[in-house]
């Protein structure tokens, strides 16, 4: 039997890599894996390649591929028809209320960082941001000039098209709506250097 | 060799399920899989359960689990330390003891109104309820048909997922937590010490 | 017996009571009320911005203890009211039931925490569909208009409702039991007999009222006043014992209930 199956010398490494790649959203570079596992990149690559071959030989419905400079799990190409069925029928066909709110915040307050949206919504928004970006409604538009260089998101042209408007200014105005203090604070914080900086000295966001 | 590995009668089903679960973001209900694959739900469940057992027996670094009403891939719990190294973003913030107690009450007594929870905990629970709702652990599920039409709360699918269980019935029975006789006795002794006990300790003589 | 009470060790009003009672040798009677009241006051001082939930919980537990303790401290003579006594038992049973319920859910919560911690050891796969399938995915914005978006934005940015509690009743207590004992010892010999109602006329704060009541009980314990209540819920007459001098009063440094 293949040494990757169980009990081999690389067994611990193999399991760790399987676990990490399973939860990774983007392809993971072998360098990063090597760093995490504290071993030479070449050994990581050997284990990954061995795993990929083994899945293929075992006839799994998924594959481990090297793509975009890293490794990732994906559905096996010969299962594409099933995945297509799933995508067509199984996916939620509408944005959840939470996702729509996140999109609205990005639309009206762009450019805005993930952390700012998260602070405003009071919950982790990583998955939603990813879905919105994957669907092409939002994209990375700039980087926060402050330390940390957080990625700033904005809406795309595709978004304008879907909304049936020509430019952002065509979105209905928020009017004299006053956001909550936690919102103002979250928006301010993003423009600051760091958490130590005194909030009071920052001008209130005048975009709303 | 295990029938799930290759060539068995369910081999095509197994591969399709592996491919679909690999691209799913939320747990996939067995009903949906059955619908997509055009076969009885029970067969889907049998294949999934077989797969889960097989991954475990093979010592993979990932696991297939049934949680929150569906199946999903996740990292194997014993690889937690590696995954934590990889996932830099903060894990879910922990709930306070007060929040957990409120959550337990909602979980076991649902549907339940804010006032009913409050009565059990003996404190105002507005803030806690709001936090739990914001985190997506509980939600408004109905309105009390009685006078006042109080909002009734129940737990969400997210709650099941966070608890790592498939459905509410998988929660340990509340009966398991009912205090034993020794606790009841201790409480009774503490609370019910009658006037006789007190008499002895009050300076009776001074009453004139 | 000194019981250290810290607001950080309990959650929920019944928790403290549970902790106190279940710590075997602690008789409710022996729990020092002043320790609790002091801790409460100290906590209020410490919390520049009041954590209302915590302080309210604290107040509630203090009130429960005060109620139970006052019942035990009050003289029981043979003229006791059967209905009163029955009501007392009923109330105790209710309290016991609530404590048991509280303990049940507290243990259930511990179990939930364990389950959640165990489940958190695994992370879900959430990579989603691969790019090659994206064109198949339905348009998630179908049917969403700019007006819907505006509504969603306002919903998300609206100030969260502020948790409001009437803070009147947890205003810091201005007077300690020791202070009240001192004032009563100075005042009562002059006035002879007075009703508790009159004594506390003008006090609207319940806790302050309780403080005065405890002070009267303290004087009663020390044997310098007599207390008489003709009827249930009737006026309580407090009278200075003839012959007792203000100097006989042990001016408690810290009230030890």
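By letter and in written order, the chains are A, B and C; residue numbering begins at 1 in each of them.
In this section, a contact is a pair of C-beta atoms (placed from the backbone, for glycine too) under 8 Å apart; a residue touches a chain by one contact, two chains touch by 3 or more.
Quick caveat: nothing in here was measured; it's all calculated off a predicted structure.
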Taking each chain's centre as the mean of its C-alpha atoms, which one lies nearest the mean of all protein C-alpha atoms here?
B
Across all chain pairs, which one has the most C-beta contacts?
B-C
Farthest chain from chain C by C-alpha centroid distance is chain A
So what's the Cα centroid distance for chain A and chain C, whole Å?
46
State, to the nearest whole Å, the distance from the C-alpha centre of chain A to the C-alpha centre of chain B.
27
Report the inter-centroid distance (CA atoms only) between chain B and chain C in whole Å.
31
Pull out every residue in chain C that's touching 2 or more other chains.
123-130, 133, 160
Give the residues of chain B that touch two or more other chains, as numbers and ranges in rising order.
22-25, 62, 73-76, 78, 83, 87, 92
Where on chain B does chain C make contact in their complex?
21-25, 62-63, 65, 67, 72-78, 80, 83, 87, 91-92, 95-98, 100-101, 103-105, 107-108, 120-124, 126-128, 130, 161-165, 172, 174, 176-179, 183-184, 186-193, 195, 197-199, 201-204, 206-208
Can you list the chain C residues touching chain B in their complex?
11-14, 18, 20-22, 24, 26-29, 52-53, 56-57, 60, 68, 72-73, 75-76, 92, 95-96, 98-113, 115-116, 118-130, 133, 160-161, 163, 165, 221-223, 226, 241
Where on chain C is chain A touching in the complex?
123-130, 132-134, 136-150, 152-160
Residues of chain A that touch chain B when the two form their complex
5-6, 11, 14-20, 22-24, 28, 36-37, 58-62, 73-76, 79, 82-83, 85-87, 89-90, 122-124, 126-127, 131
